[in-house]
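In this document, chain identifiers A, B, C and D correspond to the written order of the chains, with residue numbering beginning at 1 in each.
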Amino acid sequence: MVDLSVDIAGLTLKNPVMPASGTFSEELAEVFDIECLGAHVTKTITRGFRDGNPTPRVCEVGGSMLNSIGIPSKGVAAFLEKVVPFYRDYETPLVVSISGNTADEFAALCAEVSVEGVAAIEVNISCPNIEEDGKAFAIRPSSTYEVMRKLRRATRLPLWAKLTPNTGETPEVARAAEEGGADALVVANTLLAMAIDIRTRRPKLGNLMGGLSGPSLKPIALRMAYQCAKATGIPVIGCGGIATAEDVVEFLIAGATAVQVGTATFINPTAMLTIIADLERYLEREGIASVRDLIGTVIDGEQKAGVVFMEAAP
Amino acid sequence: MVDLSVDIAGLTLKNPVMPASGTFSEELAEVFDIECLGAHVTKTITRGFRDGNPTPRVCEVGGSMLNSIGIPSKGVAAFLEKVVPFYRDYETPLVVSISGNTADEFAALCAEVSVEGVAAIEVNISCPNIEEDGKAFAIRPSSTYEVMRKLRRATRLPLWAKLTPNTGETPEVARAAEEGGADALVVANTLLAMAIDIRTRRPKLGNLMGGLSGPSLKPIALRMAYQCAKATGIPVIGCGGIATAEDVVEFLIAGATAVQVGTATFINPTAMLTIIADLERYLEREGIASVRDLIGTVIDGEQKAGVVFMEAAP
Amino acid sequence: MLTQNPPMASGRPQPTVFERDLAVRANQPVNGEYMRLVVEAPPEMLARCRAGQFFHLLCPSAGTDQPYLRRPMSIYGFYPQEGTLHFLYKVAGAGTRALFHLAPGDRLNVLGPLGRGFHIAEDWQRLVLLARGVGLATLAPLALEAHRLGRHLTAICSARRPDLLMSVDYFRHLGADVITVTDAEGTSDVAHLESLLEGLIAGAGVDAFYTCGSNRLLALLQRMGKRHGIPGQIALEQQMACGLGMCHCCVRPFRKDGATVQLRVCREGPVFDMQEAMPW
Amino acid sequence: MLTQNPPMASGRPQPTVFERDLAVRANQPVNGEYMRLVVEAPPEMLARCRAGQFFHLLCPSAGTDQPYLRRPMSIYGFYPQEGTLHFLYKVAGAGTRALFHLAPGDRLNVLGPLGRGFHIAEDWQRLVLLARGVGLATLAPLALEAHRLGRHLTAICSARRPDLLMSVDYFRHLGADVITVTDAEGTSDVAHLESLLEGLIAGAGVDAFYTCGSNRLLALLQRMGKRHGIPGQIALEQQMACGLGMCHCCVRPFRKDGATVQLRVCREGPVFDMQEAMPW
């Protein structure tokens, strides 16, 4: 018997595999018993109603996908009334993902969703900050720190900060999130990308641009997970292109404590189920007693991440 | 007869297809007659001798690759003596790629390679600026502007600024490069990424991290090419994952004036040859008289890039 | 009600959607444009299938065609006795090109049944379906269901040319009246269809219309439905990622109580109320 | 000199390396561990092949194995009369697993010939090669070349077990003296090899050593080469991307004139001076 449980800032997960926000909902329970997951993570909600972006909202690009769903939301009231109760029937901890256009609106929502049945709040700071220049909070350390301070004051629940890959300052942003009060980091959201239909000369997404997710994102998210684990002392939850138990092991070795699976669930709705079973078998086969024994075990020869970054930048 | 020629800041290229720096050298002339290319672009050189990074320097990641070659260089003297003369036997314009650790060293090299036989200088500002925090010049608008000012003063040759995808501020960096004196933008270099061998728990690259190139980069580079074309008035040279004539057409429609082909040449050394022939056939089939008629013809419904960016960021 | 099982009152929903690797039994051309794919499906899956629902197919890779997302396909037929599930498809792009290469014995991963199928109210005795092309695939199982429930069906099948008409024998075999219209014969235009439908309404009468995603036909049936107070349903398409209702990529706008709402084709659809649907 | 054509004095180099889709003639196991792949190659390609050079193979995709970069493979044999090119490979990972599935008639895209092959100096009459495993693939064409030039060759073939020995008949057929050593028989250790080589040197004499990438054998031959003033060459491996000399990913360190220099295995190699090579 191997031990799959991990601890994220005081919250024990029975295994390190959970869905990524926006790629999971109550409907997946019609495919398999979602009690088996390490956590339940909801689609990002906003305080008020939002329609989302024009269609087409997804397209595929060479073995991965772009999306510009745009956070349609029924608003917080509908969420508290319909969604939170659904998950009360499960033991699995519920993680609620939220977002806001301004730091204050974000913080207000954070307080509102700090209700019974919610185990942690994932703050999607990869969304645009309309008070500044419309760049996502998590593009810069300063805006990351400021929004995290306000969010921290709004709740006593664990705060997971979800970072964006659309930045050149991942370690700095990670440290800013930690200093601002994040209990864990989710690394990472989608990467801004684009595709054009050359026949019609129209963008393949109704919104012109969208976020890249799936296998293409994996080596980028893995690098970020490594950087964040080195740069901070809080747990890192890896996310980006994870589709197999081997991918999970790679992220854990890089320094992640847990992982989120997104796009892979669209391709194989039972992907997380398979990953958890394969992860258990992997540990048994390798004679590893606990999944925690993998975390951060990358043999990186004591190279300083700073130096490495410099030399790697081509 | 269709017209494949394009103009990059006063330099006429017989077609818009050229190699990406570091994925091309004199040796390719042993596979096909490289006179057919739109330009010859050399591997980035530095002033002094550099050994490059530890091996392994490449690995593959799901249908794309990582590299951490690290700009080994024989230094500028050897370059001027051996490499530049080789290309004098060709009509095709020679573009020399350079890099430096500090803005002044960079500018000095820029002056040194401004010799006869060199048609343009590509400045690889995606390399680390050791005077600041080791981040690449092109991660921030301010450092981009400063290095471009110095480079501009160092030569009268056209300056092509090569940008990095490792930033959240592509439009701002593009504008800074233009204001600093760039005549064209090359978009983009590789994206910082990582892979770990789960058996050995060692990074797959000797340097821990490296740059992602190949198909996975395409939607990201295309987005950047679009952003840069919208943000500036100078020609954009698209680069990232281009492997077919359709890819070229997609970049041209997005706003690029020409393209560079990198990793695809490793997979098929004759890729550029095929692309040029296919591009010509494509234009004939579609009844398009000049490849220039494709540039920037994306139907983007007058959406403001700023707004779009905001809504797209997930 | 031909809808998917709602979450059980007791709390946690029970699995009702299946992801399975199924064996291909046949994959053959129906005419110059369409292929019929038959796969062997387990009883629990077939037991849940309803007319108008769809499956989400994980198309294999075939050469340079490497489809990534699943592709939605209507149920063309489901036969619990034979243990088979049928799809009718047109080769369009990478995914359907890859489907084309499937041979008997190959395996295909399918997810389903998904979405809400057609509704045939108790008092709808005389049904009219109007469809063209791939739409006939979606509407075909409605004929089976109508037959099972003992309702009368008139199937108006439209195509470019007579030789591209499909499912005609299938509909006749199930006791439907079949009317064929084609572009080649000049019988498929809106004016002709309108007089044809007026004839049916004036004759034995029509209780409900069923159709598939064409703006032209939708507008016609909405107009006639309003004029004569005849309800109807339409099956719509949209790009899909998850197929389950999780990702919200497959929305379309609908008129509901005066407002425009975005509904998921994979979840609230693919079959919608005809009057609520909006032209696109 | 068995090197690639240098750029022509007249200026622009002429194409000397070919990227071609070739037909597979055979792909069969040689023993439990190795496969021989035979492809049909055009005369201009075969005319440029030299012992010790390699090709860069674009391995096809096979199921979940989707190799992206090319894979380097030594020339195992090249036969201009027959029009064939031979490779000997061991299934290691995604690329070689995909090669394994090639069947006669399939096409394989190859790039080559690449790199610098073995050098046999005018006055090297008595050659000794020492190799193991896949190294025998690389060294096999040296026997052909030695035979062509009328030099005497002693081939010391090493393996884990006698049944895994390879190319023995091939070497004998080409007139070489063959000595086999195996782990199972306890004859393959360095001490035994050293005394064996000392015997050959003391006997008819040795003019040059040839070997392949094993640290242990390299150290032994470097020591013996220095002791007796016998030159030698070694074929080395390294991860490759371009295979042509463009990307500088395939470097290894060498001692040259007291300094350590990085040389490209694909370009300055894969065959290097034995004394310049450094253990790794």
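The rule we apply is simple: contacts are C-beta pairs under 8 Å (C-beta built on N, C-alpha and C of every residue); 3 or more make two chains touch, one makes a residue touch a chain.
Note that the structure is a prediction, hence the values are computed from the model and not measured.
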Note: chains that touch subunit A and subunit D both are B
Average the CA atoms of each chain to get its centre, and name the chain whose centre is farthest from that of subunit C.
-> D
Report, in whole Å, the distance between the mean C-alpha point of subunit B and the mean C-alpha point of subunit D.
-> 36
Quick one: subunit C and subunit D, Cα centre-to-centre, how many Å?
-> 61
Could you tell me the distance, in whole angstrom, between the mean C-alpha positions of subunit B and subunit C?
-> 48
Averaged-CA centre spacing for the pair subunit B and subunit A, given as whole angstrom = 31
Give the residues of subunit C that touch two or more other chains, as numbers and ranges in rising order.
-> none
Enumerate the residues of subunit B that touch no fewer than two other chains.
-> 22, 62-64, 67, 69
Once you've mapped the touching chain pairs, tell me: line, ring, star, complete or other?
-> line
Chain pairs that touch, by label, are A-B, A-C, B-D
Using the touch definition up top, name the residues of subunit A that touch subunit C in the complex.
-> 22-33, 35, 43, 51-52, 55-60, 62-65, 67, 69, 72, 86, 89-90, 214, 265-270
The answer for subunit C against subunit A in the complex is residues 4-5, 7, 11-19, 58, 66-70, 109, 111, 238-252, 262, 267
Complex interface listing, subunit B residues touching subunit A | 22, 44, 53, 61-64, 66-71, 124, 126-128, 130, 133-136, 139-140, 164, 166-169, 189-196, 198, 200-203, 205, 207-212, 215-216, 218-220, 222-223, 226, 241, 246, 249-250, 253-254, 297-300, 303, 305-314
